[in-house]
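You will see subunit A twice below: alongside subunit B first, and alongside subunit C after that.
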Partner chain A sequence: MTTDVTIRSEARFSAPQYAICLAGIIWREGLRFLHQRERFISALVRPLVWLFIFAAGFRQVLGVSIIPPYETYVLYEVYITPGLIAMIQLFNGMQSSLSMVYDREMGNMRTLLVSPFPRWYLLSSKLIAGTAVSLLQVYAFLFIAWFWEIEPPPIGYLTVIPALVLSGLMLGALGMLISSVITQLENFAGVMNFVIFPMFFASSALYPLWRVQEGSPFLYYVCQANPFTHATELIRFALYGQVNWISLAVVCGCTAVFMVGAILAYDPARGLLARRGDRGGAA
Partner chain B sequence: MQAVVSAVLGVAIVAGLSVPAHSYTAYISNEKGNTITVVDTDKLQAVRTIKVGQRPRGIELTKDGNYVLVAVGDDDTIQMVDTKSGEVVSTLPSGPDPELFTQDPAGNLLYVANENDNTVTIIDLQKRARVGEVQVGVEPEGMGISPDGKTLVATSETTNMAHFIDLDTRKIVANVLVDARPRFAAFKPDGSELWVSSEVGGTVSIIDPHSHQVIKKITFAIPGLRSEAIQPVGISITRDGKTAFVALGPANRVAVVDTGTHEVTKYLLVGQRVWHTAFTPDERYLLTTNGVSNDISVIDVGSLKVIKSIQVGELPWGVTISQK
Partner chain C sequence: MMHGPAPPPALTVEGVSYAYGSRPALADVSFAIAPATFAVLLGLNGAGKTTLFSLITRLFATKSGHIGIFGHDVARTPSDALRLIGVVFQSRTLDLDLSVMQNLTYHAALHGIGRREARRRADELLTQIALADRARDKVRNLSGGQMRRVEIARALLHRPRLLVLDEPTVGLDVQSRADILTHMRALVAREGASVLWATHLIDEVAPSDDVVVLHQGRVLAHGPVARVVTDAGASDIRGAFARLTKISLADTADEAA
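This part shows the complex of A and B:
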């Protein structure tokens, strides 16, 4: 991809060259995704299991109430759909991070990181590629959910895109940050236990926060501080053509923080890689 | 690319915007709040509250649209509310504890079910005077009048019967046994069928008004709900006679029924303990009163979707909507 480019100072690359680099990374991520059919299917089955089985059982437990952005009573299935969309993106972000660990172990990352493009640009491209893949998964899920009578207003399918991009970037950046400290593939189970589950359960994905507050005020604050809650709420509002400004601010802020963290962590000079003595990415 | 995206967005936004609905006025009786909430059906919001007597339930506009009639059961009367001033201007002499009533097609006579003395009172709306009485079963409630104005049906909650009353002779001509606690009676617009909902029985009986036979019983089943929670009450049938909406009480659902096959095609989630329903005159919306959650839900009849729920007074019970 970049072998014919002699190493020059970073500033001299033209916009088309940057575009070629981004396209290459997205293409590779897309190929990897398409070739791993099980990954696509599992990305789809996971939220569908929650939708068909969990939600059916919980229908009566939760009761009914009207909270924004909803204007009337909604079935539990409708309530948890935005949370499940965010879950798809959370898993995708973590899996993308897993693939970076794999790349590092297998040496593929060397190819990527010896590229003369700036490190931040490569990592951002990777992030955008991962988010693009998560969008495919989300729309496949929404398509199936539509037959389950989860029918947001048609305009919602468009207005949700910016929210999906933002939340996908945030969760991807978080995954990238985490991947920088994982040295082995096997550690993904740890990620599940210490990142995915706590983030998913301590959020507004499965139950409205007023319900959580009734049960435990402490948990309510935990949920409110959880960036995943805000990703879910951002998606929930966007799916109904509305903006939740607080969630928007939190998601943007967290994306920036995680992203900067990941770039620093992957910087061979001062990042965690150097500290851990891992020379896998040193250019 | 940007131009394409903005064009697509533009089209989608225009398509998403709805044509403004004609503004009608809905009146909701709040049984516990002793008020009527006035709702604008275009803005879909409550615009006014009118204080009335105690325990308002049955509510209907006079045919000329000048008065709202509301049965205030604990005051043993029917109050007339001027729709312009929002004041109670007169009362009508019903029997004790009036609950539901109906008017003849011309709007001259009012037939009132008095829950406490097992009678139907007939009131002349011009003279505002009682002109007749018919003895029926115990605790009469549902009142349906045939489109030709010749037959009145009163359902008695405790006797579990639909009483067919000939309005010329004012005599009962048939008693049809239905399931427990019949609450409401509605004729199909062409007069070919009478639908009677049984709250405790959990069914809607369809009766042939000529042979006085029950020809079909509609039952309801909602996944995850106990059958006791399904208590049919209010019924609204579209003018073309093709679709019926049945409020299912504590099931918090309105059943959509195909009147040709008598099968339920869909259940719509509304507020808690949905009781009565009414169409806007253009049949664009169906409004439902939800007693326990103190709100009304608005169903878009075309798309069969619940689009909004609006807070009203305490324990909303009945609803009527202006023709203009």
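This part shows the complex of A and C:
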């Protein structure tokens, strides 16, 4: 008789076990990224197209006066580099979260969510993993851009890291939140049109906001309210060893809000899984 | 059983209802599975099997009723409950671009099991399912049956005491199905684990199993196969299923082929 089966309260996970879980999630995300060559190449080609073609074309049209953090006149290419870095992270955040829902990745999300670790921890780990991958992409981009004479001060490559981590978390959390609450954007094209393009264009990524203000005061306020503007500015300043405190505050605040939102949305009691369940079941 | 209180069932489902919007999927579902039991959750497509699985694995929240895993309430103490379950979903959930071993060590990490211990257990399990020589291969290069076996090995990696599988034999050939079933029943006999095996294939039910008949979101019968058959006044489980669901044998023949 197997009567030794009793209810015993299982021991809680220890701190090293939490670390194993986080490391495992980052490791897998990294492996997946390395295995998906096309994703890496397109993540790299996209900003390079902007840099090599768009920026070259607009160089003559848009003059950029001296604004902080720049101390001299800068080439347009130099001006848009932080915006392109933020764009890399924006795409990465949207892609990793949305593929989770719309593609075969849904299965992986289930595997993740049936882990006995607390759900907030699993989702946060996933965000950190996505951010780590975006950092790889950003540095690959900066490496190539260096040959294109985008040469921030050497220390900038270090000081930009905290900014990249924060903006990566913010944009990843946004992607996760969007993936959970919006059921209408069925494919990536929809996300491009309704999320990525508006965020990218209504920001300081491509043009300084004072120029926007000259053209349309209303759009200026929209840009100011756009978290992507602040991700871009945080990166821009950090790349030159400076801190834009307002952007830092906005990015931190938005990261917190988006993360809490995503964790609530993935709570089994409310979020997407149940609502999508009728279709997701046999998918 | 004379000493102390009886052990809690491997799985208890009590008064569980669930609806997608206004469309009910489960209505007042109750049953229990004893430890060391192979239980078949038998129902046609759309009977509510996957919904029930989503509730047991806490992908969905149980809003009415209770689900317990060895006495741990899934809603109140999810961590304790989830670490006792191994899950095989109906859809494939392996990472196709990663190797078999990488998939297994990732899963181990999700249960707080370190790399070395994970590899040791994985080697052991892969040997059991005769895939030890494929550990380094990408999952993409495995056959459907092999992928399923890897998924089952993965579900066993953290040594769960209850294994839940949602239509694990869908899309497999006769031989692979038989192999997996044999493997699962051996596991119950050898390790005393419990298995909840959802299927719409009546011929996967063995006389020694427990069975839960789910139809249109309701449990029509549950218990040892022999008792369910007798209670339904039928001669075998196929007849019992037809009587209970009031579906003629001709209709079920396709499903049960």
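We adopt the following convention: the second predicted complex is superposed on the first by the 248 of 283 C-alpha atoms of A that agree within 3 Å, B and C clash if a C-alpha of one lies under 4 Å from a C-alpha of the other, contacts with A are read in each partner's own complex, and residues count from 1 in each chain.
One rule holds in what follows: contacts are C-beta pairs under 8 Å (C-beta built on N, C-alpha and C of every residue); 3 or more make two chains touch, one makes a residue touch a chain.
Model, not experiment: these values are computed from the prediction.
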*Which partner does A:Leu219 reach: the first (subunit B), the second (subunit C), both, or neither?*
neither
*Does subunit C touch more residues of subunit A than subunit B does, or is it the other way round?*
C
*asked:* Applying the document's definition of touch, where does A:Val165 land relative to subunit B and subunit C: first, second, both, or neither?
replied: neither
*Given the touch rule stated above, what does A:His35 touch, subunit B (first), subunit C (second), both, or neither?*
second
*asked:* Quick one: is A:Phe117 in contact with subunit B, with subunit C, with both, or with neither? Answer first, second, both or neither.
replied: second
*Does the superposition put A:Ile25 against subunit B (first), subunit C (second), both, or neither?*
second
*On subunit A, what residues does subunit B touch that subunit C touches as well?*
none
*subunit B to subunit A touching residues, read off their complex*: 8-9, 12-13, 15-16, 223-225, 252, 269-272, 293, 297-298, 305-309
*Using the touch rule from the top, collect the residues of subunit C that touch subunit A in their complex.*
1, 3-4, 7-8, 20, 23, 25, 35-36, 45, 50-51, 54, 57-61, 63, 70-72, 78-85, 87, 89-95, 97-98, 102, 105-115, 192
*Sort out for me which residues of subunit A touch subunit C in the complex.*
1-3, 5-7, 9-10, 12-14, 16-18, 20-21, 23-25, 27-28, 31-32, 35-36, 104, 106-108, 110-118, 122, 267-270, 273-274, 277-278, 281-283
*What does subunit A use to touch subunit B in their complex?*
56, 59-60, 64, 66, 71-75, 151, 153-155, 158, 241
